[in-house]
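Order of writing sets the labels: A, B, C and D. Residues in every chain begin at 1.
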Amino acid sequence: MTFLFGLMAQSIQMLLVLALAPLLIGLLRKLKARLLRREGPPIIQPWRDLLRLLRKEVVLAENASWLYRAAPYLIFAMTWVAASLVPTFATGLMFSWSADLIAIIALLGSARFFLALAGMDIGTSFGGIGSSREAMFGSLAEPATIMIVFTVSFIAGTTQLSEIAAYMVANLELRASVGMALVALLIVAVAENGRVPVDNPATHLELTMVHEAMVLEYSGRYLALIEIAAALKLLLYISLIACVFFPVGLASHDAGPKAMAIGLGAYVLKLAIGGGMLALFETSRAKMRVFRVPDFLGAGLMLGLLATLLVFVTRSL
Amino acid sequence: MELLTIDIAHLLAGALVLASFMLLYQDRLSGLINIYTLHAVILSLSVAWQAYYQNAPHLYVTAGIAAVFKALIIPFSLRRIIKRLRIHRTVEVVGGVGVTMLIGIFLVALSLVVMLPATAAADPLAREDIAFALAIVLLGLLMMVTRRNAVSQIIGFMSLENGLILAAAGANGMPLVVEISVAFSILIAFIVIGIFLFRIRERFDNVDLLELDRVRGGR
Amino acid sequence: MSSDLFLVSNAVVGIPAVAAIALALEPKYRRSAIINLCASGVTFLFALALLIVEPEHSGYLFVDDLNIVFVVLSTFIGFTTSVYSASYIEHEIETGRLTSTNVRFYHAMYQSLMCAMNLALLASNIGLMWVAIEVATLTTVLMVGIYRTPHALEAAWKYFILGSVGIALALFGTILIYMAAEPILGQGYDAMVWTTLMQQAPQFNPRMLNVAFVFLMLGYGTKVGLAPMHAWLPDAHAEGPTPISAVLSGLLLNVALYAVLRFKMLLTANAAAITPGPLMITLGLASLIMAAFMLYRRGDIKRLFAYSSIEHMGIIAFAFGMGGPLANFAGLLHMTMHSLTKSAIFFSVGHIAQVKGTQKIADIRGLTQSQPALGWSLVAGVVAIIGLPPLGLFMSEFLVVSSTFARQPLLAIPLVFGLLLAFGALLLRLTGMAFGEPSHDEGEVKASMLPVYAHLSLVLLAGIYLPSHLVTWFQNVARLLG
Amino acid sequence: MPLYLALTCVSALLAVSVYAIVDRQNRAISRNVYRLCLGLCGALFLAAVMPRGAHVVSAALPLGLPWIGMHFRIDVLSAFFLAVVNLGGAAASAYAIGYGAHEKEPMRVLPFYAAFIAGMNAVVLADDAFTFLVAWEFMSLASWALVLTHHHEEENRHAGFVYLLMASFGGFALLMAFGVLGGVGGAYDFATIRESTKEGWKTGLVLALALVGMGSKAGLAPLHIWLPLAHPAAPSHVSALMSGVMTKVAVYGFIRVVFDLLGPPAFWWSIEPMSFGAASALVGVLFATIQSDLKKLLAYSTIENIGVIFIALGLALAFKANGMALPAALAFTAALFHVFNHSLFKSLLFFGAGAVLHGSGERSIERLGGLIHSMPKTAFLFLGGCVAIAALPPLNGFASEWLVFQAILLSPALPQWTIKLLVPAVGVALALSAALGAGCYIRAYGVAFLGRPRSEAARAAHDPDRWSLGTMAVLLTLCLIAGLLPSLLIDTISPVARDFVGDRMPTQAELSWLSIAPIAESRSSYNGLLVFVFILFSAYSARWVIHRFGSARSRRGPAWDCGYIVRSPTTQYTGSSFAQPIRRTLGVMAFSVRERLDMPAPGDMRPARLTVEIKDRIYDYLYAPLTRAVASCATGLNVLSLLTIQQYLSLVFAALVFLLILVAI
């Protein structure tokens, strides 16, 4: 019985993230439009686009290989799994232990790996540009993330997200290192999701784009998969921040439906807030040159390391 | 009487050292050869005296070899050689005779310092003898080092070897002295023949230094 | 002592002497080569026989554990070299570099050299040993100069003069030893015999011994080829016929070393005298490092390996200077292995020089391609000489370095430095000579690879397995050396 | 019993190399030799894994150093490494049954190949210093000969020279280390060394020497310069052996000396391995990222992985020194696990590179491209290798690096501040190298296998023979298994950990769902299998849903490429342009990059060209001065060979007088 319940909770979460991700994007676009005094598209719009794309026929370049065709599914699957392993409304879901924080980050890494490869498969210059930049950003963003993981798990003594969340709920304490880690994580999140100021998801000016350049050749269902994967990634990062730094309202896996409902509500609220803040941030910033991005990420990395070292200062472990 | 014998031995050994100094000083080849002859004669005398003093008959043989071979044959052949090679008139430039002399004196002092304490046990004649012998050896080596002319270097070597014979003779009742002197005479004969065969005019390695560098650079 | 006539040791000395006379009379070079070979073979057999018969002590000769090592080794290499020289000399005559008279002379000298060396090793008294070594010098001088080219003559002459000075110094040292012994042992023959000297050494006048050792070390050290008295060695090796280079490196250096060791024992026996170790160590290290650096600028293949001989003599002197069971054992082993390996290298180098018609390293390339047998045996030889396993020199170098480092870490560092330098130089040259595009060959040779293979396989065997007899025997000798 | 089997196999391998020489005329010789090697490696593998009667079996032969003999021994550690070595050896041999047929001069490979494998096995089995060093140097020697297989290229000759020189440098370091351990008496067998007591300075000395000796063979920076020269020079299956296996033998040596012979560690021992490991990880991956020669790239990435292993070993030392047995076991297990993994996927990748080299004749990725079409099978297998070595889940590379991270996360419990603060820094290096590694392999695979062929050779390339492909497939499968079920390997390794760091990780096989939890499930856990199943499930469900409800139609058309219509493959991103961001951002500090762009004026028709020159700082500042110094000394001393006899005589004279004065006073 508990098994079935657990399974159900887990699958609810999987479907939940899947459902929410495009809506988050929609919300983001809407808010940005409103901030620019425009009547934006409805929040549901991304879902519409996706469904249309899914029904379209795919146009493949002549020399597209099997890898090119398999990549979207892999990317989608990896991101989805990663996203559904992050506690959203409840901790300690059935399979949450099957991958800890490091593994989740690594899963995103493999998604990036295949995305970058797909970008190079057709052999166009833009794909290459996108992939090479993506590779560089990734190779700076990942260590920063790992550093954040170090900080958090040095404090909480675990890399299981559920446990971290539980710890954070249990003893709420303000630390310099936590603050730095939060900032670093925000930087990483912005970079990883290709938001302004690192990349502009809305443009098609070739030279400013990273993510868009890689997927330039994709169309139809493949494009849809990649888009939703991107949305999932954004969702993942926000819920990560939420669950590590603002774990209020998280239900535990054995709690009753009521707690679950509360958790759900809290989660949606957090997402909305996150989206709102991101929208504000993006509208208030201009995109930076590509070769300034490493400094941006480097700052994140340094913050992460500093946070890790400060852990020892603030609390003698 | 005892003292007299010792004094005579001393006299001869000292004369030998003196002769070595003269060799160091002398810069004309023919003159060198004459002095070497003198050197050899003194050697044979002192060896003979040792033979008499130690009444060791076999030393007379050594003395004989010295007298005949070194005092007659070698100088004779050397003279012929330098005539053949047309270097009998060469007067070689001996850089800084004074310095050489000083070094020579230092060497004599050194040999005394080294030898006298070492041979405290040995009988007086032997110990002065060996000290002088060492001095002669060192002087001979010094001569070989300072002279550039092959023949004079040879003469230096031979004077060195005379010192050895003196030492061998001086060592009381040392066996095989004859054999050793014979072996040495053969050696010297070879050297002299060598000079003649190899037509060595100026130096042992009869090519100038630049040439040497060119030849050996690749070795 | 009429019975002494029938002693084995006499045979070891006598046979070469007789053979020398016979060869001097034999005009046909083929037959004389065969005689040479047989004589050396028989000598080697008799040397082996020395192992079986109980230690003998006749009037002028004597046998003990120490010198028997040297005798067996040198007669063996003398034998293999004679095998090699047969084919080598034949080629020289065909190419007209040597006339049959030269060869006649060469063979006679070869045997008399053997005789002199065996005599020096077996001589029971220091005077006789000196005479023998002097004769050996003379004969080798004549053989080095045998090609009569200006370089050969120059080399011979250089060797002759430096050698004679060394000999003279050694004689003076010998006389001093006698004078040190004479007050205790009384006048006459006894004061020059090893056995009595060793027994009475503690009573000798130490200062006398010190002075004597200085002369002996420099005198015989010249023949060992230790820096700074080494100058004769490279030229003599490079300009003479290759069998002689092999004999020089493989035997003559050892004989001189043997003399040094004997006198070292004498000094160690006397407590009051200076310990000879430091002097030997200094000279050894000097030779090692000097030679190692010299290896880099060598353009002549035989000079290259001549310098490597200096280097190895340095190592050996170092080992014996360190003393102690391990180091001495290592020294003996290293000496044996070096003799075998180096002569093997010279064998193949000789043929290589004949094939390529030059000794210039720059003109020798890609041997493993064009001359597989010669090339690979050169590779094997060099690999052995730079002390890589599984060949014998690795074991000795292992012992030397590790034992030194355990005792005197600071001494081990220059040692290792020198070894690495030499390693680099030889490897560099080897890579150039053995690999790459082959340079063209002047002519073919009927190379006799047998001696090379024999030596190398012995070295290989020793690197993996040392028979227990040999080990115990070496250990005795090591103990003897103190 | 297993020991004797192992020794027989080793001697049989030597016999094989002799046979290869004897029977060189035979046409089928190379196939025979490789078959034999395959069989013998298999037998040795069995000997490693077969149950040993005693916990430790040892034997002594009357060879080697007379008064010690040759000691051999199999304990858990040597068994593990024996397995690794022979797995690699068997794979290489199997691959070479097909691949070796293309060798022009088989006689320059075959004898040394068998000897090489024999040497590596002997190192692992050796139980006294002499035997160890003999086997060690023998291994170097054989591999040197293999590096010189294609001796016609100047660079290979140079590689061989540098390689053997560095090897003997390391050998001497080890020799001295064992000299210290063996002591004045010369007690060189490991049993005695274990018993003997060591003073502080001695342990420090031995540690440093061991690090230098083993590190120079393993390719630890800054002793790595030979590695990227030598490994690519050899034939590919040998490169696989050298990179995948020989470096592991060096790791074995380090563990044997430092964890076993040297006795209980002090905490500062861990500093050297960790910092040098971190340095190598970074240097290796950075240089790998900018290489355009496929095999060089792989060689550099070997340096990176060795760095990772040494980091883990350093951690293990730190924990062990502080008596924290469980974390020590975790770090140690991580190290060995990574050893195993790296030997698998590095061999796989080198085999792939060999297949590419043979199929297209090209080693430079700049002239390749589109191989995924011309050699699809190889492309698939190589992709697997890339994913594995890029430490991406669910393959095995990630599993072991995950363990290393877990070990790092335990470091706060360490009492010493130096280490406490050093470890996070090392962690950054580790994370950075992992991420860069992923980028590096994206580049390698993307440029070489994807896109459009940049040369005719690449277009005409073809898959290799069955044997080669089969071997690669097997290796990939092993990678997958090791990645999905790490628990199996962890449990096989843990006895080693118990013997060498005093404790073992909790048995993983008992955990639910076959997941792994190093310390406790509440702390951290990972389940490769489940993640893999999840991914497959969601991917396939997505595909099913889309094809069912969306559309499954697709047609081919020209690439969009923002409307550009230049079809020439030169418009693609090249390897060097891909690496440009890395060069710009990190290149300046790691390697002094100089980029020169020559852009023609508008209207000028000549092509613009960009020249990039990269200098290895380590080489410039460490090795170049050394070589210069030696050269100048040699030239200076060379005067000694140009003197006249007179001057030589004066040398003698000076020596004599000097000594006489010495004696006089």
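Criterion: a contact is a pair of C-beta atoms (placed from the backbone, for glycine too) under 8 Å apart; a residue touches a chain by one contact, two chains touch by 3 or more.
Predicted model only: the values in this text are computed from it and were never measured.
Q: What are the mutual neighbours of chain B and chain D in this structure?
A: Both chain B and chain D are touched by C, going by the contact rule given at the top.
Q: Compute per-chain Cα centres, compare each with the mean of all protein Cα atoms, and return the closest chain.
A: Per-chain C-alpha centroids ranked by distance to the global centroid put D first.
Q: Taking mean CA positions as centres, which chain lies farthest from chain C?
A: Looking at centroid distances, A is the chain farthest away.
Q: Return the distance between the CA-based centres of chain B and chain C, expressed in whole Å.
A: 31
Q: Can you check how far apart chain C and chain D are, centre to centre, with Cα atoms defining each centre and the answer in Å?
A: 44
Q: Cα centroid separation between chain A and chain C, in whole Å?
A: 78
Q: Can you compute the centre-to-centre distance for chain A and chain D, using the mean CA position of each chain? Integer Å is fine.
A: A distance of 35 Å separates the two centres.
Q: Multi-chain contacts in chain A: which residues touch at least two other chains?
A: Not one residue in chain A touches at least two other chains.
Q: List, in ascending order, every residue of chain B touching at least 2 other chains.
A: Counting only residues that touch two or more other chains, chain B contributes 114, 141, 144, 153, 204-205, 217, 219.
Q: Where does chain C touch two or more other chains at once, residue-wise?
A: Chain C, residues with two or more chain partners: 157-158, 161, 165, 169, 207, 210-211, 234.
Q: Which chains touch, pair by pair?
A: After working through each pair, the chains in contact turn out to be A-D, B-C, B-D, C-D.
Q: Name, in rising order, each residue of chain B that touches chain D in their complex.
A: Going by the criterion above, the answer is residues 107, 110-111, 113-114, 138, 141-142, 144-145, 148, 153, 203-205, 209, 212-213, 216-217, 219.
Q: If we count contacts the way the header does, which residues on chain C are in touch with chain D in the complex?
A: 157-158, 161-162, 165-166, 169, 207, 210-211, 214-215, 217-218, 222, 228-229, 231-232, 234, 274, 279, 290, 293-294, 296-297, 326, 366, 368, 383, 386, 388-390, 394-395, 398-399, 401-407, 409, 412, 416, 419-421, 423-424, 427-428, 431-432, 435-437, 463-466, 468, 471
Q: Where on chain D is chain B touching in the complex?
A: Touch residues, chain D against chain B: 641-642, 644-646, 649-650, 652-653, 656-657, 660-661, 663-664.
Q: Contact residues on chain C for chain B in the complex?
A: 125, 127-128, 130-131, 134-135, 138, 141, 151, 153-154, 157-158, 160-161, 164-165, 167-169, 171-172, 175-176, 178-179, 182-183, 187-189, 191-192, 205, 207-208, 210-211, 234, 238, 298-300, 303, 360, 362
Q: Under the definition above, what is the set of chain D residues touching chain A in their complex?
A: Result: residues 369-370, 372-373, 376, 379, 383, 387, 390-393, 398, 402, 405-406, 408-409, 412-413, 417, 420-421, 424-425, 427-428, 431-432, 434-436, 438-439, 441-443, 445-447, 450-452, 513, 515, 521-527, 530-531, 534-540, 542-543, 546, 549-551, 553-562, 564, 569, 571-573, 577-582, 584-585 of chain D touch chain A.
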